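Next come two complexes, and both contain chain A; in the first it sits with chain B, in the second with chain C.
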Partner chain A sequence: MASRRKLSLRENAVGYSFILPAFIGFLAFMAYPLFNSLYLSFMDWNMFKGASGSTFIGLQNYADAIDNEYFRIGLMNNLLLVVMAVPLLLILSLVIAIQLNARILGRGLLRAMYFVPYITTITAAALVFSALFQPEFGPVNYVLQALGVDSPPGWVMSVKWALPTIALFWIWKHLGYCIVIYLAGLQGISSTYYEAASIDGANKLQQFFRITVPMISPTTFFLMITSVISSFQIFAEVMVMTQGGPGTASVTMVYHIYDTAFKQYNMGYASAVSWIFFVLVVIVTMVQWYGQKKWVKYA
Partner chain B sequence: MSSSMTLTIRWVRNLILVAVGLIMVFPLAWMLSASFKYESEVFQMPIQWIPDNVNTSNYTTAITEFPFLNWYANTALVTFYIVFLVLFVSTIAGYAFAKLDFKGKNTIFLLFIATMMIPVEVRIIPQFMIFKELGLINNVLSVALPWMFNAFSIFLMRQFFTSIPNDLLQAAKIDGCNEYTTFGRIVLPLAKSQITALFILAFTWGWNEYFSSLIYINDPLKQVLSVGIASFKGEYSTNFAVQMAGATLALIPIIVVYLFAQRHFVEGVALSGVKG
Partner chain C sequence: MKRQMTILLMIVLVMSLLAACSQSSNGGETPASKGNESKEGSDAKKPIKMVIHLNGIDEDIKMQKAMEEIQKLEKYKHVTFDFHGREADFLTAVPIAIAAGSQVDLIIVANPMLQQQWSDAGTIVPLDELAQKIGVDFTKEFGPYVDNASNNGQLFIVPHNITRWALYYNKDMFDKAGVPYPDDKIPMTWDEYRELAKQLTSGEGANKKYGAFYLPWGTFWYGDAIMALGGGEHFYTSEGLSNIEDPAFAKAMERTFNMMHVDSSMPTHANAVTSKIDPPAFMNGSYAMNIQGGWVLPWAANKEKFPRDWKMGVAPLPVDSGEQTKTWGIVNGFGISPTSADPELALEIALDLSRLSAQYADSSESANRTVAQEELFEIFGEALADDGITVDHLKSVFTNAETVFVGEKVMGPNNVQYEKVITEEVEKYLVKEQALEKTIENIKRRGDETIKKK
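On to the complex of A and B.
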């Protein structure tokens, strides 16, 4: 429509006036910072040296990042977090959402119980988790010992378990969100599919894999994209629970950016890392986007 | 399948759902219980959910040792700004992208949408320097202002506004409304429930904002709850009862708001999964 007829000056002006605040925000808090951080990533600039102390060093920051052990560990840990947390989160939330979608007693209350962690302040919840998972006298290990586990994990105090503990916390926090999104998706599946399938003799398990899983795949795709991005950005959990430790066991990319920028004031280097991080997020998202054709079914 | 078997399955299913639900709320229940205990009782097993001697001194300690009132006020203020900015900017922009014609509309919309992939970490250093130049470090405005542009909420509102029938807008124009009065008198009242849902979403974003507060604000008195509460771990590394009292103080307001507006919270989140 818009292309067919010529828009009057007035019409254009009205349209622009509606998007003006958003556009100002876009320029000031998106476009400018983005280009500025790209520029900074080519500079050697420690904030303490002041504006004059910056020199152009080309791709040196990028090379430094790739050489930096912390960067490589952070990247590795981020990938590990995705692999550990995202599939588990999606499977758990789909299974629970299907159960909650059935007519059961106390559905509303149950839904609220699952959802409450999502709205909690992350740092307060992280304090609680640190206490619960305290290795020597925390309730979690008490229960594990009561169940016969001789040497329960050291959780955030252990090199091996620090990252899985963060993943567990992250899953607990995001489960309710995914359940709600799945419930919305499940309500869009017409019950006639299930009726037809049960007439044809398909059992519940067959119905789940042949009807529910494919029909819900657009929702799974949406949740996969958003969860992968959100797991890449894990930071507050690390900050409160482990500070990247023990040793470097739970350093993530965002923690590395924070540490180099706002503890060491090495703004040029941190900008380069944040750009690598950005490109990585784009690549991972693109891979998922093009991969969707293989498994996402749109009705 | 016999009916008794279906009944058993239903019971098992319900039991599992309740068990997992209890695991979900367990940390918060434990926090509340521990916050009223003496430190020596916090890790006593088995868990005594209601302590024999209810101890409120953890709360007194938390409130007197930390500027909780300031944190509440600052968090409320930052939440207010963020809610206002998100609602104002996203409803009008969302409406323009859904219902108005102007040159470059699709390009600009695409540009906006593409920014959803940009992690906040990429922008944080230049933004920090902007706010430093403007003297807004240690001011909650530095946390709130970047919310002036939020592609996600613009997209959300646009999706909703496209479902308003054009005939309705045409009719309003015939009755003498211009674009602004049509928007104010016809469109906004229609969007009440969507706006409430976005309000709730923006409220949680604001109340729980952490990363930018951590970076732009370093004066403890000007800090917000989410960052302030994190400092408990360092200051009270061995006193878990006080930590739990602090965590409870941080969580109570948002949980109370949630209990009152549960439906809207869930709606808001469900809305965030809208597709294309």
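On to the complex of A and C.
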């Protein structure tokens, strides 16, 4: 009995030693910064003087955030981005994945081409995208003018178009990833369902809505959750393409956090905004999580 | 037993983590205080490293010479100099390094707005006590520029360089258009500048040659106004609120807008931002006139890096009215970080760097008044002889004692946020997304709110 306990203890020690490095990493780089930011959110924090030069101000940073026009604009822009970008991304990637799932010539090459933007550095991709959509000399507006559009959009330099342009870029960047995930989901659907539906006289459209869509609903759910979170986190696109402009047209929450934390050194306020933002993302994710019971079908 | 082991392991982990964190967040003990302790201890000449962030100022010939010489001085025999040049994301990376406790002794403070922001935040420390300790008289050392070293009644920087703007022009484009060169001594007005730019503009698309250069910098759309009003402090009314309703601001913005969209004699704001037009782009020969500071001279002299087949001229900056020459600019300098290993030594080094670089001042005057700046423009008089530019000519444009000098940045309460508001609103106007009246109205409303928050 004693030797069995010894063995179990040794096994546990070995087990803990294996997870120890990752656990230390988690504590140092995840848990500590996370809870430290919560602490900072209640402080008027002077990052150059540390705790001795800072004061506890309770919920003032949270109140300031709600009162701040950049916060409100950032939140609204983030919600607009989710509404504009996520449905379009999912629909487009599903349509393309279905095409790529068929036995067409150059399927492998096409898959790779769609995936390239996803693995390209975001800064480089954003610069290329900005050049394509340059309002005065960009090829996109050149083509539009050739097609008879007298006043093509000003894209990133237009108050109306800056956010949609960022959404467009984000969709282009993430399309390849979603296609690959959808392809995996599509390949998991047994052909017998389609054969049986054909025998019963179902056309392609009926097969798509009655078989494909329900069968890949877990994939759609996964992509929806991750895409919504990812679109909430849009930052580098804004940083490279618009810096929040023109005016405040493309300010997002993360850009606002970066601006207040690292340009204005207002760490306490930025931490409060981060926590409000975190709670909002959790709420949105929870709503999606509970909503999935109504439309996600697990085979 | 298993449970006890787990608890023990957890305690060890948490303790070690807390120990590590407490070292970085002790708040009181900085490398500076450690440095002072060791100095007060026994050996004041103990080897020490000084970390100096110059972010591009080191590319200036005068600073290169000063950096070289300071390392040879007997008094700094015990000092190892760790100079840092241009850094990506300098304005965020270095302050964060300071906040994290990394040793930074001297840091270049490149403009007065940054100086205000950094002195308010504690990124740089006040120098009054240190100056008293080492017995340096800032007034004697920097004359009138001591005002530029101060924020909220305290000294914060060791003044280094004074920038002054001028009008640079492409002589070949003037010749081609059959237009006489701008006068060497008598400045043109901004209205004349606009008319001239129209005459000098030619071509279309990729072959377009613009009459005037543009950068998305505040001075390009409010420069005329601060010149007329007398400097960046006039962004505020006598009550301390936004003065943007002064007609001078609308006039300046409208002139820039008209040059972009009515005359097409200047690149549009949208083009400048999306094409990422940078300051040296003037050297590519596509612009007839350019207003910028003395930093253009080294580009013009460096024909390997900026090859050109055209000749350049320099004239006084355009003015709001009259024949009195006027210019704007800033005074930059060295600040001392709270994480300096030895703030007193850092101040001495900053002063010596300012004196040494003044000795070799070439393309712009140095703030230091204790050293004769005999080499000023000498290199460029020689290097730009082919362009017909002489040392005397450069001196008359850049160091004319009669020239009225105004501060080019938004000064006063909450200036960083206030300028952010101005930039955001003017940008919408310059990309034709907002009317001028609405722009002024928005700046006034948002600017007042911002100013009152302080």
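Keep in mind that, in the parts below, the second predicted complex is superposed on the first by the 287 of 299 C-alpha atoms of A that agree within 3 Å, B and C clash if a C-alpha of one lies under 4 Å from a C-alpha of the other, contacts with A are read in each partner's own complex, and residues count from 1 in each chain.
Everything that follows uses one rule, which is that a residue touches a chain if its C-beta (ideal position, glycine included) is under 8 Å from a C-beta of that chain, and two chains touch if they have at least 3 such contacts.
Everything numeric here is computed off the predicted structure, so don't read it as measured data.
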*In the superposed arrangement, does A:A196 touch chain B (first), chain C (second), both or neither?*
neither
_Looking at A:V159 after the superposition, I want to know if it touches chain B, chain C, both of them or none. Which is it: first, second, both, neither?_
second
*Does chain C touch more residues of chain A than chain B does, or is it the other way round?*
B
*Would you check which partner chain A:P135 touches, where first means chain B only, second means chain C only, and both and neither mean what they say?*
second
*asked:* Is A:K49 touching anything from chain B or chain C once the two structures are fitted on A? First, second, both or neither.
replied: second
_A:V287 in the overlay: touching chain B, chain C, both, or neither? Say first, second, both or neither._
neither
*Which partner does A:Q264 reach: the first (chain B), the second (chain C), both, or neither?*
second
_A:M113 in the overlay: touching chain B, chain C, both, or neither? Say first, second, both or neither._
first
*In the superposed arrangement, which partner chain does A:Y32 touch: chain B (first), chain C (second), both, or neither?*
both
*Considering only the touch criterion stated at the top, classify A:I91 as touching first (chain B), second (chain C), both, or neither.*
neither
*Overlap of the chain B and chain C footprints on chain A, residue-wise?*
12, 16, 23-24, 28, 32, 130, 134, 137-138, 262
*Residues of chain A touching chain C in their complex?*
5, 8-9, 12-13, 16, 20, 23-24, 27-28, 32, 46-53, 69, 130, 134-138, 154, 156-160, 245-248, 262-265
_Partner chain A, residues of chain C touching it in the complex_ = 1-2, 5-6, 9, 13-14, 17, 20-21, 25-28, 91-92, 95-96, 98-99, 117, 121-123, 205-206, 268-271, 273-275, 338, 416-417, 424-425, 427-428, 431, 433-434, 446
_Help me check something: in the complex, which residues belonging to chain A touch chain B?_
1-2, 7, 11-12, 14-16, 18-19, 21-26, 28-30, 32-34, 36-37, 40, 96, 99-100, 102, 104-106, 110-132, 134, 137-139, 142, 172, 175-177, 180-181, 183-185, 218-219, 222-223, 229, 232-233, 235-236, 239-240, 254, 257-258, 261-262, 267, 270-271, 274-275, 277-278, 281-282, 285
*Which residues of chain B touch chain A in their complex?*
10, 13-14, 16-18, 20-22, 24-25, 27-28, 30-31, 34, 42-43, 45, 47, 85, 88-90, 92-93, 95-97, 100-103, 105, 108, 111-112, 115, 117-130, 145-146, 148-150, 154, 178-180, 183, 204, 207-208, 210-211, 214-215, 225-227, 229-230, 232-233, 240, 243-244, 246-248, 250-251, 254-255, 258, 262, 265-266, 269-270, 272-273, 275
